[in-house]
Amino acid sequence: MNAALAFIAVLTLASAAVAMALRNLIHSALLLIASWFGLAAFYLWAGAEFVAFAQVLVYVGAISMVVLFAVLLTRRSRQDLAVEPASLGRALSALLVGATVAVVLARAIFATPLAVAPTATPTISVRQLGAQLMGPHAAALLVVGVILTVALLGAVVLAATDRADSKENAP
Amino acid sequence: MSVSDLSSLGSPGGSHVRAVHDEFHGDLLEVSMGPHHPSTHGVFRMIVTLDGETIVKLKPVFGYLHRNHEKLGENTSYLGSMPYTDRLDYLSSMTNNWAYALAVEKLAGQPVPERAEYVRVILAELTRLLNHTCLAGFLMQDCGCSGTPLMYAFREREKILDLFESLSGSRMMCNYQRFGGCRVDPSADWLDGAKKLTDGYGAFLDEFETLLTGNEIIMARTQGVGRLSPALAISAGVTGPMLRATGVNYDLRKVDGYGVYPRFDFRVPLGDHGDVYDRYMIRVLEMRESIKILSQALAGIPAGPIMDPKAKLRGFRPKAGEAYGRIEGPKGEIGFFLISDGSPNPYRYRIRPPSFINLTILEDMCLGQTVADAVIILGSVDIVLGEVDR
Amino acid sequence: MSAIAATEPFLERAPQLLRDAATGFLPEPWRWLVNSLIAIGVILAVFGTLFAFLTLAERKILGRVQNRPGPNRTPLPFIKIKFFGLAQPFADGVKSLTKEDIVPRDADQVLHFLAPVVLLAFSIITFAVIPFGRHLVPVELDAGVLYFFAAGAATELAVFMAGWASHNKYSLLAAMRALAQLISYELPLLLAWVPVVLVAGSLSTTEIVTAQAGWKFGFLPHWYVFTPWGFAGFVIFIVAALAESNRSPFDLPEAESELIAGHLTEYSGFKYALFFMAEYFGMIALSGMAITLFLGGWRAPLPFLEWIPSYAWFGAKLIVLLLGFIWIRATFPRLRMDQLTRFAWKFLVPLALINLGNAAFWSLTSHWTGALQLIRWAVSLVLIVGPFVLMGRKLSAGVAPRVYRYAPS
Amino acid sequence: MLGSGLLQGLGVTAKNFVGSFHDPARLTTTEYPEVKTKLPEAYRNFPFLVSENATDPMGTLRCVACQICEKECPPQCIFIEKSKDKKPDATGKLQLFPAVFDIDVSVCMSCQICVEVCPFDAIKMDQDFEIATTDRFTGLMLDKHALAKPNSYFHEIHPTDAAEVDGRLAAERKAAEEKAKAAAAAKAALAAAPKPAPAALAATAKPPAAPSAEAPKTPPAA
Amino acid sequence: MESAEQIRDRLLAQFPGAEISVVTNPGVAAQHSLLLGAAHARAIAEFLRDDANLKLDQCSNVTGIDWPEKEIIETTKSTVPDPAGGPAKVVELKTKRIQPGCLEVVYHLYSIALRHGPVVLRLRTGNRTDQSTVPSLTPVWRACEFQEREVFDLYGVVFEGHPDLRRILMWDAFKDHPMRRDYVEPDDYEWEPTPHGAVLEKAKAHYPAPSVAAVPAAEGAKP
């Protein structure tokens, strides 16, 4: 089972890394979407079909469109795009930030008392999942919905503002 | 940012980042539709400037089919120009012939026998049926029906063209009218064939209308699109069904009363909004009126000579002078302005092309509409490039 | 696979017996692998030929509607007889294979190649959860319906990649149109099947089909389409499916009269054929799901017709639905972009939400009997016809057939 | 109700679909190479020169190279060169004949004005439209050998026209003969009155009796 | 409808300084026209459109006519008394006169409101070379826009006051005006080797021999 897990992990991390490295924004956006697929694969491996399909439906279906629209619509102006060559200062600060995040994550993982013995993954049907979602966790579900709409509205507002100030400097 | 720069964003390698100026949607997209475009009805080109989907500027460009028809007219005899008039509006050759013959007869004061006048009315109304059926088919094709109304329209058009072929010898290039009458006398069974076609045409129109006129998508696509005001239409010299769709009551068959039209009773349909739907409906209603005229003319056609005996075929030299004759063609007022200086060739041979002049206000109708509407508005103007470019 | 009852007629069990005969001797892990490979192979073969003959059926039916015979000239190879143009799809296939595959110079090579592949891949994997017969469900998933629409959601991605990579003004404009259309019709599509899940109580396709078992008064099957909310859901689902697969009234992205061939402008040869295969597979998958959700999947319409194998019923219903798609293509013109999106957001989505409420009312009052049953039906019908008429009137506000006056002669 | 128009539209297409299987009016395609459409008699394509009979086409061309059609042809696609010597035509009168008679079929628009203006019914409109060639210059430049077709072919494609033309020509021929006979008789009477002697001479010099007009009175069996 | 003379008199009354004259049409159609001077042309046109009992609101046809220089030979007969008292001799005096050419623009006006017409207007340019401007009537009737552009394109008449005077039928880089009587067509346009006629001559003059040899001279083709 670990082989499959390792394979999925490598795929997800690889696509995320390449996404960062590429200069071509559209390619990196698409590779980001590929890494979301990797995430869904994790859920499938863990046997949580519902979450995996929800992840694919929400992220790859809708959020990818928002990301691509955002990339298209918000090319604000000339300076923004000209990416300066990688100077030493920037590399160092990037490393610093990466290190701090790694440390915090490591502490959290090792601090939690994980049950060593692998317990059988509980197979709960979608109906019980639904009951849980609609029952105690209804609030969380609504909040997630609100976040997604906010993201979409944000893109529209950004595009709208671009239209406003672009009228002055349009040739 | 103009679109071409936009894609630099994604160019492979991306090592060089091309200068990218202002915003994506702030930029106007200039699209050239034509001259080779599926919905411009021939070699007609529109340079359309788009802001998103709405049209900001539309510049028609034509002249791709310009053969300088009028210079040809000056170097050919009066009779020699008759077959060239078939090539003007190649969907209605009989009305082109009649307009030219009418103008020459007006120039030379040539009388026309009774039977020839009746035959001319019959052929003109058959051409009107043919032309309006074709227009309805092409317009619906532009709206997106995948060929069905067009094929029904062409099925009926073939029947009319078979009538023309059995009379004049050719389906579209009839070269049938002469100064002072017609070339061939229609036989009795030709007239029966025409009667059978006219009787069956009402049923086709009913089927066509049930398919299209009540169709919600067609109504949504065409109502309120390409609106034209009566005042602008009159000032812009718009004539024919497009003018009557704006509500102006002006039909040359009633105004000039040329030929024997005053003997037939038929009505002139008028629209109220002057949009694409009105232009389509006016043409359909006009077809129903043409059927009425046809049945009256076919019933009342007298016997007698088809050609005025004194009419000269060759060596036709009208006295010096000029004349402007016009008739109500399917697309509008088609007129011929002839100046003769006594020689067998006309000194000046001018055609008043209805579809060329109806295009004057194409831009006014398209501003503010979307690309899909511009295609339909052009379709509803009913242009044929042979006549526009001459 | 549900247990195969020995009493079932032989034809019903035939596919299983055939497969077990072929892979019976293999040890367990390999046997599962080969079985799934066989399933994949069968699906591709069956639906591949269905796609081929669907293109032929489309052109023949379109022709017959337009009073012309449609393609009937291509002879079968080596045999000179030409009957009904049956070899036309093979001729099209060979033509698309031999045609040159032109890729514009400054197009984005990677994306340009990837777009048709991604589109086809996602539209094929949606077949995994459709129950084709009593024991013919490729993959038995607890959240089958959700899987189906998750896979379908990625088609927008592929359309965007095609439009973007062709580096052509028309295809970019068309890609934007296609995205707006797909996104705005995804909502009614999803909302259309939520009532079914609500009433059936499960996301698994097989359970939905079993929930539609049985007949009322002996001849009226319990299919959801015969309930008011089910019929409304079915109509919304079909309209949204038309839009998702870019079919007739909504084929805006490839609107030839405006934008040449939309995002397909820069594709030729086999990639162009792949796009069409993806479109047809999408159409087949969506109608397959419509059958599963609303038309009782592989169930026979009448009790005494049970002896016909279940996959035959599924095939028949699929053919009927596909012919309906073609019939609609032969008749309707195209909507304009703003009308299309307004139709989705201001008409279909509210109707679908009301339909959801309607289905909730239906399931809550399932225990009513006798006179209450009539009231239940009446309320349910009013809940559908009322909003439809009201919103319909608002939608077609400025649009009505006109009466024309004649000039006073 | 929203959608009723759409349903009616579906009804119409369904009626046409079903109709195409049993109603001939709903399936109007004739599959061309196998089934040829019957051309109306008045159909016209490119012109051809009428020769009296098929045996000696060049000898019995009706055309007398009067070049009226060359002048009247709007696109100027006919080119004629008169012959130096003369040959007797159907009515026995010595007429010129065209040494060269070319029609450039790539320019001709088959408007049949040449047929209309030809006083000798020498040029008529053909009905053969399958003349595509690969060589667009000389291939479409038909000379008089390619253009000449017998009168029987004319009867075949335009029966009523041919009959009417033959009737008129026969009438003209009869009128010409009577005139010739009358002229001969008058000359004979004139010669007989003043001097009996030259009468004998006149008798012999009288032009031979009307040449045996091969043009058969009744049109040959088509 | 009033005759051309009546209209001219009313116009002269309305616009005292304008040069308006009637050009009679000798033909059977008897559609006489009004020749307008350039100065008051647009004002007269507006008057014709807005006048109560004329209301010519449709400009149906606008076209150009080219009248090149014409040499008119006038033979004046004069009787010269014979100094020797004999019978008076009739002497024909032939005077050769060059009538200056001009470009003419003809407008056919109809009234949709009162259903009458045509009233024919004629505007003439100074000469055919430098003074070839005429006031445009597009501001009065929108129908003239495309038709005046066509007259500009094919005849070279410059319409001052036209909103968008460009070539309409010929391509913009085209230099000449094809409809003029003295227009010589370029002889190197697409060569269509019909073996006889003027085209072949031009082709031979323009293209070297080999390409003509490709077309075997038809038997007896005109040299």
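In this document, chain identifiers A, B, C, D and E correspond to the written order of the chains, with residue numbering beginning at 1 in each.
The rule is simple: a contact is a pair of C-beta atoms (placed from the backbone, for glycine too) under 8 Å apart; a residue touches a chain by one contact, two chains touch by 3 or more.
From a predicted model like this one, the values you see are computed outputs, not experimental measurements.
Could you work out how many touching-chain steps separate chain A from chain D at minimum?
When the steps are counted carefully, the minimum from chain A to chain D is 2.
Quick check: which two chains are joined by the most contacting C-beta pairs?
B-C
Would you mind checking which chain's C-alpha centre is most distant from the centre of chain C?
E
From the centre of chain B, which other chain's Cα mean sits the farthest off?
Relative to chain B, the chain whose C-alpha centre sits farthest away is A.
Measuring from the mean of all protein Cα atoms shown, which chain centre lies nearest?
Looking at where each chain's C-alpha mean falls, the closest to the middle is B.
Measuring from the mean C-alpha position of chain D to the mean C-alpha position of chain E, what distance in angstrom results?
About 43 Å separates the centre of chain D from that of chain E.
Between chain C and chain D, what distance separates the C-alpha centroids? Give it in angstrom.
Spacing between the chain centres: roughly 64 Å.
Measuring from the mean C-alpha position of chain A to the mean C-alpha position of chain E, what distance in angstrom results?
76
Which chain B residues sit where two or more other chains touch them?
In chain B, 6, 10-12, 148, 152, 155, 211, 213-219 touch at least two other chains.
Give me the residue numbers in chain C that touch at least two other chains, ranges are fine.
65-68, 108, 110-111, 164, 330-332, 396, 401
Would you mind listing the residues of chain D that make contact with two or more other chains?
2-3, 5-6, 9, 12-13, 16, 28
Which stretch or stretches of chain C touch chain D in the complex?
On the chain C side, the touching residues are 61, 64-69, 327-328, 330-332, 388-389, 392-393, 395-396, 401.
Under the definition above, what is the set of chain B residues touching chain D in their complex?
Going through chain B, the ones touching chain D are 76-77, 79-84, 148, 152, 155, 158, 162, 165-170, 173, 175, 183-184, 207, 210-219, 313-314.
Could you pull out which chain E residues touch chain B in their complex?
These residues of chain E touch chain B: 25-29, 31, 57-61, 63, 65, 106, 108, 112, 115, 118, 120, 141-147, 154, 167-171, 178-179, 183.
Mind pulling up the chain D residues that touch chain C in the complex?
Of all residues in chain D, those touching chain C are 1-3, 5-6, 9-10, 12-14, 16-17, 20-21, 26-29, 31.
Any idea which chain C residues touch chain B in the complex?
62, 65-68, 106, 108-111, 164-165, 167, 169-170, 172-173, 248-249, 251, 255-260, 329-339, 396, 398-402, 404-409
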